[in-house]
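All chains are identified by letter, namely A, B, C and D, in their written order; residue positions are counted from 1 within each chain.
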Amino acid sequence: MNSIPQFPTLMADVQSARDHRSIGIDEVGIRAIRHPLLFRDRDGTAQPTVATFEMYVSLPPEQKGTHMSRFVAILNERVHELSIAGFGALLRHTADRLESSDAFIRVRMPFFVNKHAPVSGVASLLDYDLMLDGRIENGKLSVMVEVVVPVTSLCPCSKEISEYGAHNQRSHVTVRAWLADPSLCVRDLIDRVESEASSELFGLLKRPDEKLVTEQAYDNPKFVEDMVRDVARNLCEETRIERFEVSSENFESIHNHSAYALVRGRPGGGAAD
Amino acid sequence: MNSIPQFPTLMADVQSARDHRSIGIDEVGIRAIRHPLLFRDRDGTAQPTVATFEMYVSLPPEQKGTHMSRFVAILNERVHELSIAGFGALLRHTADRLESSDAFIRVRMPFFVNKHAPVSGVASLLDYDLMLDGRIENGKLSVMVEVVVPVTSLCPCSKEISEYGAHNQRSHVTVRAWLADPSLCVRDLIDRVESEASSELFGLLKRPDEKLVTEQAYDNPKFVEDMVRDVARNLCEETRIERFEVSSENFESIHNHSAYALVRGRPGGGAAD
Amino acid sequence: MNSIPQFPTLMADVQSARDHRSIGIDEVGIRAIRHPLLFRDRDGTAQPTVATFEMYVSLPPEQKGTHMSRFVAILNERVHELSIAGFGALLRHTADRLESSDAFIRVRMPFFVNKHAPVSGVASLLDYDLMLDGRIENGKLSVMVEVVVPVTSLCPCSKEISEYGAHNQRSHVTVRAWLADPSLCVRDLIDRVESEASSELFGLLKRPDEKLVTEQAYDNPKFVEDMVRDVARNLCEETRIERFEVSSENFESIHNHSAYALVRGRPGGGAAD
Amino acid sequence: MNSIPQFPTLMADVQSARDHRSIGIDEVGIRAIRHPLLFRDRDGTAQPTVATFEMYVSLPPEQKGTHMSRFVAILNERVHELSIAGFGALLRHTADRLESSDAFIRVRMPFFVNKHAPVSGVASLLDYDLMLDGRIENGKLSVMVEVVVPVTSLCPCSKEISEYGAHNQRSHVTVRAWLADPSLCVRDLIDRVESEASSELFGLLKRPDEKLVTEQAYDNPKFVEDMVRDVARNLCEETRIERFEVSSENFESIHNHSAYALVRGRPGGGAAD
């Protein structure tokens, strides 16, 4: 490690100069930076994953620039572990260290659940895309959790009009939950979605499992509209959520495009807002 | 073409059934569908491109499903040409044909400008990512135009502290403009961004051109914060815009991540909201 | 347009200097450049599309650099229309203009076919990903055409073991055909793939069409292994192909991963090599 | 865990049926499956990462289908840790368990190096894209390692012809090394690339570091052709490699496309083949 005797004091600090355009910056910082960490969810154990961060603060009109290197320093010095419950502390630290009233952090990562096949019980991991999106604005903290749950959807119309068979496909059900209570876990959201699908997915299925999920999907057909309504109804029971959005993108097996639906709602106050 | 004597009347119309969950759907339709079309902008000529559509309507609580095939029919029957000015008509037609009070269409496409190199004058195309995002809600039309303008940014700090050279890189300046007046053209937005960059980009540069853009960028250093402030100030003069967002993502040549800044503003009422 | 009196003669031509490392360059040029063009296929009409090019030549050990701007000039001056039959001329022109013995061009574009639904006959476009990959090496021209054909696959095992239903999904069947005869058309390859799928896809289906494709897929189950074997057998009848690869990626509706298979073959000489 | 008394013996095993098309399958298995693991490289410690796998075997003409679930079982039962040295054992186990003469595994993952800034010495992680591509064919094992090293490139022509400044940008230097000796480490390849760039990249730089890398890049200009030649010359000294490919994609800061070059070579036998 080289020593750096007098450099920093002599070099111009351009970013700290005064700005005269009278335009405040809503968000400024870094993005597209990958960082390995341990993510802790419902079962208490911490799973290793690789996250991609966006980290911003706001900047008042009179300040020329932010301190970009501090964001990277925060990641390298402090972010070894993360959880929904601990996300607020990271936001607060970022606002403090960057000397800003606001902080915005969006972090995406794959998340794994060890699932058991429904008949044989064999275990395998299933992967989900997880995003935490948090903000402190004027001192007020809010956190949104987004998880993409891949499921099977089977078309009720195709089943009804056909003498046999029914087209089905993989669908991505995306839940965005704005939290009222940070004790909510990712697994809680995943469970609510999977219980409403035509069938849930598994990494590993034996033949008896495959028979079961095939028949289960056929017994449980859902339009993309049904999927989002049923998940929305289910999410309305989750009181740790302030409001939510649920969408489903069905990668139609009979088309080369997707069917899509989205519902916004809030527990207690009825599903649609 | 086969004839289809009595099928439609005999087959169950599952989508039109009554729904009992009391949950309205905010958006339902198709997405990820590619469609070739002619896009007409400022110079009046129509350029061929390939667009990717999202098309949605809303659905009242009592209706089980929408008519997915009608969205595809609209594209195939009517969407041969598109422009900002003509986007409202497509939204209205979609709402009417799907018998909905609301319609949402998001369409992404590459957009080309034939540019002339600054010294040699040689012509070449430059490509931009364009998105139109329109909505009719309760009869009210609003249109947002997003264009990603690739430019050069050169770091003022690096220039200031170094005895020679300065790191520079490609940046994506993204403007989102909510329109007050649909006579605005994509080219108008591109011009405003390119005039504020350290340097604009070209497909084809001869050596005298390369000398000019290199020196121009060095003479015109901009932090990511400067870029969005200067574009914001410029956009404030565009009265056909109701409000805007401008962001810049600098793909830093000295890091493996991006620097990013975003400003929201509105012409007349000052830059920041 | 500015005049450029004496610049070019005075400026150093660094690329043309002599190189002393004794290392020839296998491929050098430009990539990730988008360019609109008309693509002409079987029916003779030219469809507008937007292509993304890679264009390279080789460089002998003694030459320091290639002339990057000439590749862009070729695109802007000459590439307004393209076809499989005309691809060789573009490769030869590139080698000539860059003064190289070799030229390599890879161009990707969406390709559209206007299809008619199987019962109702309603027309709609379906999109395919097309790539032409051509090379001139030591004066010898070879062209490979790759097309990704999205289809439905239905699982024979799931059908066999389940009392009702069968999981099915969208699959991407990718054919790579090294041409013996440039009169081959993209449509010829697409037709051969679609005739072997559990069912082909359509942009727009009415209910009677949906009934037909659902039952057709159930009547015609295929493992990923069956799909590539059946397409390979079909391609063996196409004598304008010297050799081929066919793969299928099935986006399994019961898993969150894909099943995949690939066969290499050549007409006449048997399917597997 | 449910018990599964007699199911498996009663259910048809469709995949094991005899096939009559006389077409062997070159590759069959699973792809696009994500799996967390520990990757062990030069310093002996194991870093957590998330990998994406492709796993295939070959299938003789007479066999109808492979056993897809066994690939997933291998991942879940055995793949908790991976290294270049241990990759051969995974390939052999896969061939054995799938009862095939051949096995092909391609695995992609982000890889991190903890780097120290050149003047201040502050530490930060830098991320690289890593791929291992291994195959056993007819009993013979071969392993290729690909790593994408992001660096700075500065244009010699722009520097030469301009009175001040020079355009520079982030570049991706990709090395593909076919191994002669599995003791090679990813870090060894990265070091060889970074030592040849105009400048290497860092996650975190203080002002004195930024001054140094800016001036270093200006002192060390490289065309895309120079970059691949210099890395090729360096790789020729690595005797644990049988042959290699090195390419560089420069995301030009004055264009919206990339410059690209590629060299193939082998240590000992001279750089170009």
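Remarks
Keep this in mind: a contact is a pair of C-beta atoms (placed from the backbone, for glycine too) under 8 Å apart; a residue touches a chain by one contact, two chains touch by 3 or more.
Since this is a predicted model, take the numbers as computed values, not measurements.
The chains touching chain A as well as chain B are C, D.
The chain with its C-alpha centre at the largest distance from the centre of chain A is C. Look at the contact of chain B with chain C and you find the same residues on each copy: over half of the numbers used there are shared. Chain centres here are Cα means. That of chain B falls 35 Å from that of chain D. Averaging Cα coordinates per chain places chain A and chain D 28 Å apart. Looking at chain D, residues 11, 33, 72, 127, 157, 161, 203, 205, 207, 211, 256-257 sit in touch with two or more other chains. On chain D, the positions that touch chain C within their shared complex are 11-12, 14-15, 19, 21-33, 54, 56, 59, 61, 64-66, 68, 72, 156-157, 160-161, 223-226, 228-230, 232-233, 247, 249, 256-265, 270-272. Those residues of chain D lying in contact with chain A across their complex are 1-2, 4, 7-8, 11, 13, 33-36, 38, 47-50, 69, 72-73, 75-76, 110, 112, 116, 118-125, 127, 203-208, 211. Across the complex, chain B is touched by residues 126-127, 150, 152, 154, 157-158, 161-170, 199, 201-203, 205, 207, 210-211, 213-215, 217-218, 251-257 of chain D.
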